[in-house]
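Below, chain A partners chain B and then partners chain C, in two separate complexes.
Now for the complex of A and B:
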């Protein structure tokens, strides 16, 4: 107890040094907490936007279509009026489902072309699954007929306005070129930048007729009671497909968002890098402080040894002192981090500001990113800060404590 | 029975390839309650001898016996720490007080690390010894609030509070003026008489030697003069 008291009093010897070392630890902890909060926010918002506006909770398609889905092929399609889909949609966990037809095209404004992703949607059913109607910025939601809606980003890029005619050039199922001239009746402004910049929505029937696919669709999208149900439900549907010897396959939202989840995992690696930086900062600060303290107190170390203190008791004094620095640094870091996370959660931060403008690196967030709150991280990093300080102090403390008492006493 | 017995103690420092002998075959016996001064010119080996007696340094050769039975050269590092903790008191030229502790706490330090002393007993011992060295009322002052003489008194109190059998003092008055030096020496003499504590201190100050009851002169690592009595022939 007395040695602990002495160690804590030692923190007041060189207040500036204690404060600077503590602030180095605080800085690392602050950056980690803010970065973690951003990653949590980024992850939650990205997945929400992707599921709400792109993938829905669950999709069913041909297994072979899945393998090439990024190319949006026109083979391995499904019948729109599908008995099995109708049957499984009676499952009480299914809130709504809708068919979609995906294909690639180039959009033309009379001067230039731009590659786009065209999605033929059932104008009545689709809004029950993907609520695009909530993001109409100008004009109206898609109706049956030769109409189209596009995102705000694409409209700005191609200089389209509501009531303009757009021309889509594409290959039909047979591989011949065809075009669609559709009146632009609405502009979308969603929180998903890819939808705003790349997607063109047309009525499903218009797409089927223009592509010569008949009553075929690419996939069925399902909206469930909760996102979490999709994992179990996809398994249930797949068992059924397998029993019936069908080549259909259900994919839950995690599988549908696998690219994004991989990208978010990358973010977790960045957090590990931040942890490593904290270790380096704290270790350097604490080692420097302990070595300086030991050098300044060599005579005291000699005196303590003369009094009969054992080396481990002297190590204990320095380690507790370092733990004190860790506690101060971690406390300040956690308080500052708490303020930073609160501001991130309430005010948010613009992704384009963070990335310097144009690109969002494929992150499906067009608006501000809002931080996430993760109390476990606060607890973890607080303990981590103290632990790193303690561990970093052991070697220099042992170096000081193992000094020959005579050399320590008469080092001058 | 003697408190301490040195038998052919030698100490050689190795400086690169050169061996520098600091102590050359010293044999001595110190009786309990002695008030002994080791004197000699700088570099004669006084401090080295004190460090060896205080188990802070190990002799290159020879033996040291404590209370006739304990052979100090056979003790491990931890056993030597314990030996110092329970049996020895040190007074250094620079008082070596801990600046973040008060006078009371600096003195208390020496017995906080000894098991079996209650808080009440500890407080009584510390206050009693601080009174004995004339620091009554200054218990709560930190070293930077004390004069040089007062600091050295705290160091003496720290050395004596555990009532050690032997106190080793390396030039305890070197940093003090003559008035303070005399006061410090009187205190040590008083404690020697009151508690029966054995004192061995090194010095080359004739004023200090006048207080000695035994004078040991060291030159070039050897004892050249050893005299005991009330009226010693103090060299000037």
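Now for the complex of A and C:
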């Protein structure tokens, strides 16, 4: 008890040192908590945006189409008026479904062209699954006819305004060039940058007629009651398809967002690397402080040893002292981190502001990023801060404690 | 006497009809005979004009049947090579020191930023099997009498352009102008042959200008500086190894 008291008194005796070391630890903890919150927020928002605006909860397509879906081919298509799709859509978990036809084209403004992704949508059904109509910045939502809507980013890039005519150049299934001249009736501004920069939406019928695909579509998109239902429902649909010997396959939101999940996983690894750097930083700070205090207090150590204290008791004093510093640092860090995370959650931060507006690194967020709240991280980092501090103090404390008391007393 | 004159007129009319009764397919085949080369070594210059900015590229190409090797020789692109074998195209950039296979949508891009797409450059099939031809008019193009032949793609044929309209010299059987249309009827590209020359008994286009009609103020001129038919091509010229 005496030793513990002595150790704690040391904390107040060397206020400056205690404060500086605690601040090093708390700074590391603050950075970690804020970056973790950003990663959680980024991950949640990316997935939400992707599911809400691109993939929907579940998709059904031909298995062979899935393999090449990134190229948006015009083979392995499905019949638009599809008996089995109609039948399975009666499932009570299905809120709505819509057919879509995807193909690649170049958009042309008479001076230059730019590669785009064209999506033929059912103008009535699509809004029940993907709520693009909520993101119309100018003009109106897509209607049947020779009309198109595009994202704000693409319109700025190609200098298009509402009521302008766009020309799409693409190849039909037979590899023959065809064009669509469509009137631009609406501009989209969604929180998904890829949609704003790459996508052109046209009525499904216009796409089918221009591509000579007849009544075929690329995929069916489903909107369910909740995102989580899609995993179990996709399995249920797939069992049904394989029973009927069909080559159709249902894909849940996780499979549809696998690229993004991989990217986010990559982000988690980066987070771990950052954590590692913070550990090194904090450890170096603690080791430095303990060595300095051991050096400064060599005489004191000598005196303690002369009074009969054993080496392990001296190590104990230093370790308790370090634990105290760890607790103070961790507490300040967690409080500061809590304030930071609260601000991030409420106010958010603009990704384009951080990157100078040039790029969002392919992250599908165009608006402010809002932080996520992760209580486990707070608990973990609090304990971690104390542990690092304690572990970092052991070696230098042992070095000090091993000194010969006479030499230690007369080291000057 | 009257009878003889009548007979002569009749013979003349029949003869004339026989001459003008040349079919569109025959015209196209005669043109193909002129323009289709079994093998050749060509030194050429490509002038790319984009909104007044001109780029000049020089190249040497060796071709044999449906294989070809093109090497750029102008300082900026020196060492850039393209190898075409049947429907495949590979490219070698000396800076990257790597061979890249071009496929899919990349083939629709303009070659080296020109108005000739890779696909246009690769077109070596004879069009006779892919299109239905019809002579739609006869008119003069730059003082040369021409057949105007419309080609509409055969149903199911895998070709880039749905409709082509060609001005073919009636006497020399060489294409002097061609318009390429999309299925929607939109004019996509226009090729005009500005200079022709008789080489080894056949008329051949020496200066061709391609214009992308979807883009304003761009055109590309392809000028043949020298051409040698049936040259000696060393073995292994058209191998992937030769690219590097």
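Assume the second predicted complex is superposed on the first by the 412 of 412 C-alpha atoms of A that agree within 3 Å, B and C clash if a C-alpha of one lies under 4 Å from a C-alpha of the other, contacts with A are read in each partner's own complex, and residues count from 1 in each chain.
Convention: a contact is a pair of C-beta atoms (placed from the backbone, for glycine too) under 8 Å apart; a residue touches a chain by one contact, two chains touch by 3 or more.
For clarity, every value in this text was computed on a predicted model and none was experimentally measured.
*Asks:* Label the relationship between chain B and chain C on chain A in the superposed model as either fit or clash.
*Replies:* fit
*Asks:* Looking at A:90, would you say it contacts chain B, chain C, both, or neither? Reply first, second, both or neither.
*Replies:* Neither partner.
*Asks:* Counting only touches as set out at the top, which of chain B and chain C does A:226 meet: first, second, both, neither?
*Replies:* Neither partner.
*Asks:* Vertex at chain A, arms to chain B and chain C: angle between C-alpha centres to the nearest 10°?
*Replies:* Result: 140 degrees, to the nearest ten.
*Asks:* If you stack the two complexes on chain A, which partner ends up touching A:71: first (chain B), second (chain C), both, or neither?
*Replies:* Only chain C; A:71 stays clear of chain B.
*Asks:* Just checking: does A:163 make contact with chain B only, chain C only, both, or neither of them? Give me first, second, both or neither.
*Replies:* After superposing on A, A:163 lies clear of both chain B and chain C.
*Asks:* Please work out whether A:307 is in contact with chain B alone, chain C alone, both, or neither, and reply first, second, both or neither.
*Replies:* first
*Asks:* So, A:174: does it touch chain B (first), chain C (second), both, or neither?
*Replies:* After superposing on A, A:174 lies in contact with chain C but is clear of chain B.
*Asks:* In the superposed arrangement, which partner chain does A:409 touch: chain B (first), chain C (second), both, or neither?
*Replies:* It touches chain B, and chain C stays clear.
*Asks:* Taking the superposition as given, does A:243 touch the first partner, chain B, the second, chain C, both, or neither?
*Replies:* Touch status of A:243: no partner.
*Asks:* Aligned on chain A, what is the least Cα gap between chain B and chain C? Give it in whole Å.
*Replies:* Between chain B and chain C, the minimum C-alpha distance equals 63 Å.
*Asks:* So chain A touches chain B in one structure and chain C in the other; where do those two contact lists coincide?
*Replies:* The overlap between the chain B and chain C interfaces on chain A is empty, containing no residue.
*Asks:* Which residues of chain A touch chain B in the complex?
*Replies:* Contacts found on chain A: 2, 6, 9-10, 12-13, 299-300, 302-303, 305-311, 313, 405-406, 409-410.
*Asks:* Give every residue of chain C touching chain A within the complex, in rising order.
*Replies:* 51, 104-105, 108, 153, 156-162, 182-184, 186, 188, 214-217
*Asks:* Considering only the defined contacts, which chain B positions touch chain A in the complex?
*Replies:* My answer: residues 47, 51, 54, 56-57, 77-78, 81-86, 88, 90, 92, 94, 96, 98-101, 108-110, 112-113, 158.
*Asks:* Which bits of chain A are touching chain C when the two form their complex?
*Replies:* Residues 71, 104, 106, 108, 110-113, 115, 167, 169, 171-172, 174-181, 210, 212 of chain A touch chain C in their complex.
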